[in-house]
Amino acid sequence: MRYVTKIDLDLPGDAQPQVHNRWHPEVPATETITPGETVKIECMDWTGNQIKNDDYADDILHVDLTRIHYLSGPFHIEGAQPGDALLVEIKDVQPLERQPWGYGGVFHVDNGGGFLDRFYPEAAKTIWDFEGVQATSRHLPHVKFSGLVHPGIMGTAPSASVLNEWNSRESSLKERIQAHHHTAVAQLPNPKGAHGGHAKGDVATKIASEGARTIPGRPENGGNCDIKNLGRGSKCYFPVYVPGANFSIGDLHFSQGDGEISFCGAIEMAGVVTCSFSVIKDGTKELSLKSPMFIAGDVPTQYGPARYLTFEGFSVDEKGHQEFMCATTAYRQACIRAIEYLRRYGYSDYQIYMLLSCAPIEGHIAGIVDVPNACTTLSLPMDIFDFDIRRVEAKSVVASDCAYVKGASHKVIYEF
Amino acid sequence: MRYVTKIDLDLPGDAQPQVHNRWHPEVPATETITPGETVKIECMDWTGNQIKNDDYADDILHVDLTRIHYLSGPFHIEGAQPGDALLVEIKDVQPLERQPWGYGGVFHVDNGGGFLDRFYPEAAKTIWDFEGVQATSRHLPHVKFSGLVHPGIMGTAPSASVLNEWNSRESSLKERIQAHHHTAVAQLPNPKGAHGGHAKGDVATKIASEGARTIPGRPENGGNCDIKNLGRGSKCYFPVYVPGANFSIGDLHFSQGDGEISFCGAIEMAGVVTCSFSVIKDGTKELSLKSPMFIAGDVPTQYGPARYLTFEGFSVDEKGHQEFMCATTAYRQACIRAIEYLRRYGYSDYQIYMLLSCAPIEGHIAGIVDVPNACTTLSLPMDIFDFDIRRVEAKSVVASDCAYVKGASHKVIYEF
Amino acid sequence: MRYVTKIDLDLPGDAQPQVHNRWHPEVPATETITPGETVKIECMDWTGNQIKNDDYADDILHVDLTRIHYLSGPFHIEGAQPGDALLVEIKDVQPLERQPWGYGGVFHVDNGGGFLDRFYPEAAKTIWDFEGVQATSRHLPHVKFSGLVHPGIMGTAPSASVLNEWNSRESSLKERIQAHHHTAVAQLPNPKGAHGGHAKGDVATKIASEGARTIPGRPENGGNCDIKNLGRGSKCYFPVYVPGANFSIGDLHFSQGDGEISFCGAIEMAGVVTCSFSVIKDGTKELSLKSPMFIAGDVPTQYGPARYLTFEGFSVDEKGHQEFMCATTAYRQACIRAIEYLRRYGYSDYQIYMLLSCAPIEGHIAGIVDVPNACTTLSLPMDIFDFDIRRVEAKSVVASDCAYVKGASHKVIYEF
Amino acid sequence: MRYVTKIDLDLPGDAQPQVHNRWHPEVPATETITPGETVKIECMDWTGNQIKNDDYADDILHVDLTRIHYLSGPFHIEGAQPGDALLVEIKDVQPLERQPWGYGGVFHVDNGGGFLDRFYPEAAKTIWDFEGVQATSRHLPHVKFSGLVHPGIMGTAPSASVLNEWNSRESSLKERIQAHHHTAVAQLPNPKGAHGGHAKGDVATKIASEGARTIPGRPENGGNCDIKNLGRGSKCYFPVYVPGANFSIGDLHFSQGDGEISFCGAIEMAGVVTCSFSVIKDGTKELSLKSPMFIAGDVPTQYGPARYLTFEGFSVDEKGHQEFMCATTAYRQACIRAIEYLRRYGYSDYQIYMLLSCAPIEGHIAGIVDVPNACTTLSLPMDIFDFDIRRVEAKSVVASDCAYVKGASHKVIYEF
């Protein structure tokens, strides 16, 4: 089977032209793929080798977030034209045999942050070891689970007009609301750290100055959707905006919980994707396809419906402030309820925060119409623990903590 | 098995003292139940018999929303004290044999509205016939599915201080933002239509004037959570605020999709619940229980993971306006994508709107940290249709429409 | 919804003409049903009220096995003709609200026996109480599970020639091998206890003398298949042999394990079936339908794949005797392995024997080609127990025993 | 991760001392493994490279069945002693990246045969290509499925007395019944083709003359169980008979149906297993462990319960001959029903025979107590086909056939 991308684990991402880290129509295609051919694509971890397998979070603290996400491709799919749909079949996603580990992190609130950064502002890290389909971590004991391995990012290249739309609507948001926020509300194009793959000279400069950041998923091309079920065996349909589709893929996750709440929250890894492509002529119109659409595979980890402990969250924030129908607030509350519950077993808040980010938790919209409260649920699979988490009287079972910055300890218990 | 509530299908809810429609600590308990006893509880449909089995939506248009939701109880559970946890085991939920049908509706934007009322402001209705575990509708042809039967509302009575907290935070919201909204952002206590069950005289008056509305779910006691998986076989833990817990239940759904998007969106029905209760002493503290927590049952309808067609939604609204990390907006967009897709088969937009409300669709939080876009997914089970919805070239298969107000037709195609 | 059969719980089966207990083309149809109509059919327990809710197995010991199984019907389905296929949709199966309990039994080896009667020859009984979807038994503590409720018997009436084929091949078997068996190898027509429903006079006599017993399932019409997954939501296709199909149904089970090993092994109950019928013209030929074929429903109890403890059995019997490729022997050995394992927790062998008969265990053919050993598996769902059955060091948790004949105790430990 | 076995795809099995093909206590251990270490074990396909990726079945016809199954190991597990239990955790099973294909075959009745060799006596073959988690075959069009990848054979080495027991009971069977059978009823020790791994001289000769064949699974140590669900993520407990346990593994299957009916029926492949070992002291007694026992993994292919078409089989053979309670006969009949059904779509009988052998079909014991008929079911997952197999009016969709011996064609339709 043909490898259309091979990556180097010892070089930074920007030294490798077969990857890139901006969305732009002029990022040169790295390979041409014929519809029907099954290929293998190696992918770097999203930071391009910035994170190490050690017991400190200093690399997390100092991560350079202008240099993300390193995506493999783009790939020119023969015959794809604007208006078509590109069908991608993900036949497998595996970690690299030569690097059988991954990581999860909590970014410092001043360098990335995350869903709960108002409570957990410090940097932290967990290293996960892969043994076949399962992962364990010395930083999160008493837990083992099979990964819902998937690419966090897949997308077709934007046309110039789509790119323009992105940049204009996101900069408009920034102008509108940034003043009210401590952390960045959007990352606009930033030449610093930009990597246009094989692009050189003026094209490289143009990509660097105009290229959309890879952080958000976007309705037009998917991108960083972080959909944990869009993995092995899935079929995903994308709108095509440029000739050849120029499909990119990366940000592989060994496992992720719905929401990927700590931002660097999945078990991030380098790996290899096995996939094939088809072109559906005029598929954008035929399928009414404004955003990607998919059918998941038939080999996810499977727990019985009665094997989850489910927490409820409502759009009343942790200070008792009433929000209006805000599912985001509601999901944050569900996360907090789970943290309060699990700390009964001796886990630190940072450990739980990262566990909820990477374990196969289910986050559902429950009620979205009962003013003023949205209701969401967070379902925690009980079978990932090697003890019974249903005990009314809990005792501490956890002896170790996750990794922090050298010299630091953050075994906090946040009083919500 | 003892019936602790029987209801009358020919009388309005407010003529039946064994039900009530406000949350208040002084609503008199209707029965006492011993922990360990399994009982049956009949429940009215949430409107208290306001909706009829016919082919017009006039009853939906004119529904009196001050007279909802009629809940059975409250039930005094022996030995339960404030600070305890009440464990409720839902052993079964069934429609009433004497009324084997239910309904879903779209409320008029000026009387209730719903998640998509900006596009679909008119009243509409679908009647569903129950045949064993399955439902079909003459107003939504080519669809049949097994119900995830569940109570939309369960909750323990608030203490006076909890009630006070609710009323104060919701009225504060109203003061703060109502001016910016066309429809009500919160329903404050309203004596009109209030029903305090067996309460009489001053107590009834007090309940009517202070009692919290049953519309929103709330973190303290659950209430109208509309969690579709909290059904047969589930075990749910509730904080206890008043002696005896005073547990109420109602708003039975034959089936519901995540979000229950059209507000009257589930297949609403009268029915009977089989359940039992346990008291966990000091359970609120022992379980770190600020909001209800549950373990779902093991008998839900089950589709394979590869049997869903999944749509993605992002926090960019239908006009291209960029919202910041709004999962609510994102889920609305996923709903719109599903509507656009299904209308290819000839369904009217109102039909699809109601189908997404009541069929067992899954609504997930996917990514909640990738600024500025929240990403959500809506997964539609393909096996509820009697035709293959994956066809690239679709043809219309639907001949009939849902019910509208007499003389009206709203077979619109909204141009998003 | 129309009830086409109502049964009386206080009268024996043979006093009720709406049921019958022999297969014969001339058993008069009790009702006519139009294709497409959904009807309700009450069914007696298979013994016709012979078993009582008490703590003794005397009724099991003395059960009259000439008076079984009492089936509701036969029903004349309009338009069905020989050569057609009858499609039966099982929309629900429920216990009767007026009798919320069932039973399992071990027959005495001299009156019925069972799969393990060589080891467990005595009569025993367990009574099960139904609470919604779940069953528990005072005779089998620490166990609770949701039922895979289903009819053990469904079938179309045989034509005279099909009946003749049955009687001739079974009597031929009896002649051939009965001498080598302690218990009956087949039950031939027996006028004693025969009940021909509404048949009178010569017809009744003919049915009694020629009618095939209902004990075995048979390839031509299904009959007593005891397929635990052929329950709620299933669609089953039957060959039609007589005009009107003359479909009968009964032997309802609240739950059963694969094999129903103790013969009276399911949780036997009276109940009510909701179903509808369709006729597929020439379906026997069109579908190549020599035996029934079905698609199961989508609402079974669901445990995760990793929630079973699986035992292996091979075709070497308990004395070390090598059988040749005998899956029956192999499955018996898997049952024995499960008995040996579970008795570690204090269950008596008879309790386990009945538990394996009625709990939702999975019995698989694993290897059927590796001479001389067939290999089968028996998978026991761990979640039916309220303790963890995976402990290496087991301690007894069971205090009570099942019911035996008055004065008897059989808490044996058979030394395999 | 340490590879404890590497195999060569260009050399026959008997040229590779790290594999062996007989069960004997004196086969020398190839490696020592410490409890807790996770290792990788490469395994040859069961025939040791005898089968080629081509379009003829000549290699199948001439396969040397004295030279099977080539197993990796045995492995000495530190600290394991007779009486202990060996817990094996299968963390992954993958095909080799350097050989991404496998095969299924029907052996000629005179050289191996199979479950249906009385109807299908000729040799046939299908080649399967692996693309990630899925397999397709040019010899079986319109079918694609995800593999339940697993090792067909795992086992601990027999002690001398266990080996003696095997040889004596199987030779006794042969004496007793071989005269009545056309094909071999058991394969006794056979020096021809024997391979004792690293054994030399007298030991090698002893192994060759006494070593038990690997064909049957056996109750004492498991061996060739062909349990399709004993794959990724499984934990299996084995009795230990010799110091170090001397565990062997092989016969990897990309996928298999219950029964593996054509004998060479799974998708046979070379591959690599990731696993670890633990020793449970006195586990044979503590766990009442006479035969292996296991808990399957949580990542099997998953179809919904309503996505199978199920055929029923009874212990009346294809000529109408009544067998007594023979589950083996019953399962053969269920297989025949499936063949008759699928040939409606144009598949040849040999194609279907091999499809039922390798696709993830479920074969259940249904009723095993209703004299004289055992009832079994065979459930065929509908989602492996790219067309709808439920159509009443079928039309042929299949254009090509499987591979046969050069010059031959066997597109038969056997008249059952």
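As written, the chain order gives the labels A, B, C and D, with residue 1 at the start of each chain.
By definition in this document, a residue touches a chain if its C-beta (ideal position, glycine included) is under 8 Å from a C-beta of that chain, and two chains touch if they have at least 3 such contacts.
Since this is a predicted model, take the numbers as computed values, not measurements.
Peer 1: By that same contact rule, can you tell me which chains touch subunit A and subunit C alike?
Peer 2: The common neighbours are B, D.
Peer 1: Fewest touch steps from subunit B to subunit D?
Peer 2: Counted as steps through touching chains, the separation is 1.
Peer 1: A-D versus A-B: which interface comes out with more C-beta contact pairs?
Peer 2: Of the two interfaces, A-D and A-B, more C-beta pairs touch across A-B.
Peer 1: Roughly how many whole angstrom separate the Cα centroids of subunit A and subunit B?
Peer 2: Between these chains, centre-to-centre, one finds 32 Å.
Peer 1: Measuring from the mean C-alpha position of subunit A to the mean C-alpha position of subunit D, what distance in angstrom results?
Peer 2: Computed from C-alpha means, the inter-chain centre distance equals 40 Å.
Peer 1: Quick one: which residues in subunit C touch 2 or more of the other chains?
Peer 2: Subunit C, residues with two or more chain partners: 233, 297-298, 300, 302-306, 383.
Peer 1: Report the residues of subunit C in contact with subunit D in the complex, numbered from low to high.
Peer 2: Per the stated touch rule, the residues are 114-115, 165, 169-170, 172-173, 177, 181, 183-187, 215-219, 222, 224-229, 233, 258-263, 265, 280, 283, 286-288, 290-298, 300, 302, 304-306, 308-314, 316, 320-328, 331, 333, 337, 340-341, 343-344, 362-377, 379, 390, 392-394.
Peer 1: Quick one: which bits of subunit B touch subunit D in the complex? Just the residue numbers, please.
Peer 2: It comes out as residues 302-307, 383, 388.
Peer 1: Give the list of subunit D residues in touch with subunit A in this complex.
Peer 2: 1, 38, 90-92, 100, 131-134, 146, 232-233, 274-276, 297-303, 383
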